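First chain written, first letter: the chains are A, B, C, D, E and F, and each begins at residue 1.
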Amino acid sequence: MWVYEKKMEYPVKIKKSNPKLAKLIITQYGGPDGELGASLRYLSQRFTMLTPQAIATLNDIGTEELAHLEMIGAICHQLTADATPQQMQEAGMDAYYVDHGMGIYPQSAGGVPWNAIGIQSKGDPITDLYEDMAAEQKARSTYEYLLDLIDDPDVADPIKFLREREVVHFQRFGEALNYVRDYMDGKRIFYKK
Amino acid sequence: MWVYEKKMEYPVKIKKSNPKLAKLIITQYGGPDGELGASLRYLSQRFTMLTPQAIATLNDIGTEELAHLEMIGAICHQLTADATPQQMQEAGMDAYYVDHGMGIYPQSAGGVPWNAIGIQSKGDPITDLYEDMAAEQKARSTYEYLLDLIDDPDVADPIKFLREREVVHFQRFGEALNYVRDYMDGKRIFYKK
Amino acid sequence: MWVYEKKMEYPVKIKKSNPKLAKLIITQYGGPDGELGASLRYLSQRFTMLTPQAIATLNDIGTEELAHLEMIGAICHQLTADATPQQMQEAGMDAYYVDHGMGIYPQSAGGVPWNAIGIQSKGDPITDLYEDMAAEQKARSTYEYLLDLIDDPDVADPIKFLREREVVHFQRFGEALNYVRDYMDGKRIFYKK
Amino acid sequence: MWVYEKKMEYPVKIKKSNPKLAKLIITQYGGPDGELGASLRYLSQRFTMLTPQAIATLNDIGTEELAHLEMIGAICHQLTADATPQQMQEAGMDAYYVDHGMGIYPQSAGGVPWNAIGIQSKGDPITDLYEDMAAEQKARSTYEYLLDLIDDPDVADPIKFLREREVVHFQRFGEALNYVRDYMDGKRIFYKK
Amino acid sequence: MWVYEKKMEYPVKIKKSNPKLAKLIITQYGGPDGELGASLRYLSQRFTMLTPQAIATLNDIGTEELAHLEMIGAICHQLTADATPQQMQEAGMDAYYVDHGMGIYPQSAGGVPWNAIGIQSKGDPITDLYEDMAAEQKARSTYEYLLDLIDDPDVADPIKFLREREVVHFQRFGEALNYVRDYMDGKRIFYKK
Amino acid sequence: MWVYEKKMEYPVKIKKSNPKLAKLIITQYGGPDGELGASLRYLSQRFTMLTPQAIATLNDIGTEELAHLEMIGAICHQLTADATPQQMQEAGMDAYYVDHGMGIYPQSAGGVPWNAIGIQSKGDPITDLYEDMAAEQKARSTYEYLLDLIDDPDVADPIKFLREREVVHFQRFGEALNYVRDYMDGKRIFYKK
């Protein structure tokens, strides 16, 4: 179970309303390569992961991604909270406003609601860890594309932090993969035939 | 952010493998009225909720639903972990086995991957709280339907606990709705016209 | 069965082409909280509703929502019928034009085709009526968000009418809920355990 | 707008509970080639259809498909209303029971919730009428496949009626196509280039 | 099986970057009436088609649609390859850029990822051929709508070629339908009752 | 463009009807980790891949996956072609039969129509190649799960061939990744920042 701690993993303090950015950044809330998918993928896979270390890695990172989900939600909220409907419209967020008001909703930048088809939990430790490494690369690319379009340092700063975390996660999944492989070889277990 | 505490909200200790039940119970992991949808709905809505009490209610219950998601995952895992592929097939879980092995995957009993279209975060406090009360009723019904088909007390016990929690949540959302309404009346604010 | 009567429930007479508004209003045709979902939800639930009054309420409102669906379709059609492809493009409806021409298609403002995952018919009378009350609140919010962005009185007028109807429906579902609860208590029936 | 008439287009009087059949027949409620898709397709297309006759055809058939939707709902309801949860399970409807109880829900036989991606309203009269003829053929095939698996004459009888109506609709759309083509040729209008 | 031949079916040589057009044309890559759906529909249906000629028609056209998919991909790639992120943003492709970078991804103009719900393979030769004729009409309309909005002759030229091919395919499916009908009549086979 | 060669990449000659297996194997036609997704993923990504070798790898493997798609379609077709509707029902394929007859339709074993949300084409060469390696691992696992449930050597034989090809593809993507990394380092290009 989880206990909520009333602080962000990294501070989010945006001074300037900018719905246009919120429209893009929401993709890391509920887009195909965002934090919701990451967290749910890892927290689901841990039930069938092979070694205690790899299980702990999934659990740690899955929990951290929840904190990232919160940060992204806070960023989008701060970017829109003071906007008028007309400012939402000028920023191209009129469709979003009509469908969700100023609410934070898990969708991609392109407007697609989050769908579990975008993740896999395959019950095979090697496969799942490759899935996770790919997920981290996709998240990294998304953060980099976002940074290409963000000019407010208050927004760029936490996004850079999140991008760096994905690189660290990628490395940790790589290490977990090596441990799991060694374990399977050492035991002369050939998982799934 | 959240801190993981290495225990379940309520113990899950199932002694008998039973993939047939896992096939149904998975719906509370990733089905239309399950714990993932509940948690994400509340944790998303809190960004635009109106009063501190109502925000706290969404945060508390959203966090507790994460613990429920974990319990449901553990139930499904314990019901399938020792099953052979042939036992999965006899239990009607051969399709699931081919698509996800013994992995825990967020889908409905009917096999539909979780889709955010099933939840709403509308940015209107009254609307969101009605959405939440309806969600709790739908979760309650689902647990009751599950109990109609569960004959193993080790499984029924945590499911009954979860069912009762939904009733409590329903009541808490009702209270939050009253507070929010009073607040809006007291302030003579007519939210959204 | 239904008999078509060749008039609208409330007149729709828009003089000025305005595809930009159509792009938003279409969400009440096929969006997550729109008239299609409302109608289908109620007309589906009535098969398992408990008391004759509640069944009649579902049938009446479900039928009225069909009339609202027609009104919304007519509004969107009148707002686009005289537009050129270039005007569609200037209004940000070029993607819609390429995918559906000037046709009326059931999608959200955000472009998501209607999906039944957004509704529930749970077979439990209490649950279904809460689902319905939440649906009416969501529709109300959507109409209010639309009104924030509509400046043409010819369009605002029928939208206001529709908004008011949702409030009435909400109240009628509340009454149905009370009747159903009384019935279940009086009969000392505890529906589903 | 539509007025509800309290009778079915064709009587549905099923004496024997049979959830196994309901599981299949529900596909004509909310499956890819079912009555919901048919009705919504035609009622949506009529806004941009070219000639008064063709508009009337779409309106008439779209309205009739609503009556068919009701008949299919009634068939599925009568086949399940008296079933116990255990009988639902024996009939392979346990997943449905957990997700929707005895409620009538718009999904395919395969369990996929209805999705508007399965229909098109293209704003081109020739295209739309071909789409409609294809829809009627798909509905016909579905009814024929259902009849291969139905052994209860009480169920087969209304299904045969519905199958025949699809053939009639197919012919009427063919006639509408001819009228529209003549109209376009006669006017020497080349619709869309 | 297929052998790749390193040339396009028709040359694609676009000199001017224009992400705004790419945003629309991508719909023929992965939109509801695009080349992916066409190809997969025909190549899937051929397994159960009735006569050798009709099977060959499905195989030929399904293979040609793969070449069209490649052409559309090349068009979208050439229209975006030299664009900067800022130019993507100015063209309204910022959401696409964040979700997919400059990658070619199978979605509609409206941003909906391709979904097999948009095609049918019904196992009934008459039904499948009507489905195919409707598909070709829908593709034709889409190309015509695109041509309404394309002003660069380098882009319009291959699009016109593709539009013409759809008309030819439509005719070939009409001929196949006649052959299949004759075959069924001649054999006095009444397929599916 | 592609030229069809009238032979399979590997022979498929199944003597015994077995719809129960077809129900599972179809997942490699249109399931989340199947051949359609693989082929479309690679053929889409090649437009933005970095080096000629890596582009060729994507093109070769994407083309080969089309041949695998054909093999899987042929396997499912041969397993069902001679089945009666009643045999389909006994094999648990009655829902499939009602929705698609004996037609080959791109869905998962669990009945979910193929959805492009399951693939990514991110426009970043490193990310795309990790996505591809993960895809090959997921396909491998799926074939292994299928082999756990296949007892007919006529079916197991081509499935084993396909499984082995996925392992080879995985290795080739790993090599491509190394080349691309070297190229980026050698050029002292830091792709995307």
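One rule holds in what follows: a residue touches a chain if its C-beta (ideal position, glycine included) is under 8 Å from a C-beta of that chain, and two chains touch if they have at least 3 such contacts.
Since the model is a prediction, treat every value here as computed from it, not as a measurement.
Shared contact partners of chain C and chain F comprise A, B, D, E. The greater number of contacting C-beta pairs, out of the two interfaces C-E and A-B, is seen for A-B.
Greatest centre-to-centre distance from chain E is found for B, with centres as Cα means.
In this structure chain B contacts its sequence twin chain F using mostly different residue numbers, the overlap staying below half. In this assembly, D is the chain whose CA centroid lies farthest from the centroid of chain A.
Taking each chain's centre as the average of its CA atoms, chain A and chain F sit 27 Å apart.
Note on chain placement: the centre of chain A and the centre of chain E lie 34 Å apart, centres being C-alpha means.
The multi-chain contact residues of chain C, meaning those touching 2 or more other chains, are 32-33, 92, 101, 107, 111-113, 115, 117, 120, 122-124, 141-142, 145. Shown are all chain pairs that touch, namely A-B, A-C, A-E, A-F, B-C, B-D, B-F, C-D, C-E, D-E, D-F, E-F.
Contact residues on chain F toward chain B in their complex (touch as defined above): 23-24, 27, 31-33, 92, 108-112, 141-142, 145-146, 148-149. Residue ranges on chain E touching chain A, taken from their complex, read 85-86, 89, 92, 94-99, 101, 107, 111-113.
Per the touch definition, chain B reaches chain C in the complex via residues 32-33, 112, 115, 117-118, 120, 122-124, 126-127, 130-131, 133-134, 137-138, 140-142, 144-145, 147, 192-193. The touching residues of chain D, counted against chain C in their complex, run 1-5, 7-9, 30, 36, 40, 43-45, 47-48, 59-60, 63, 66-67, 69-70, 73-74, 76-77, 81, 100-107, 113-117, 119-124, 128, 192.
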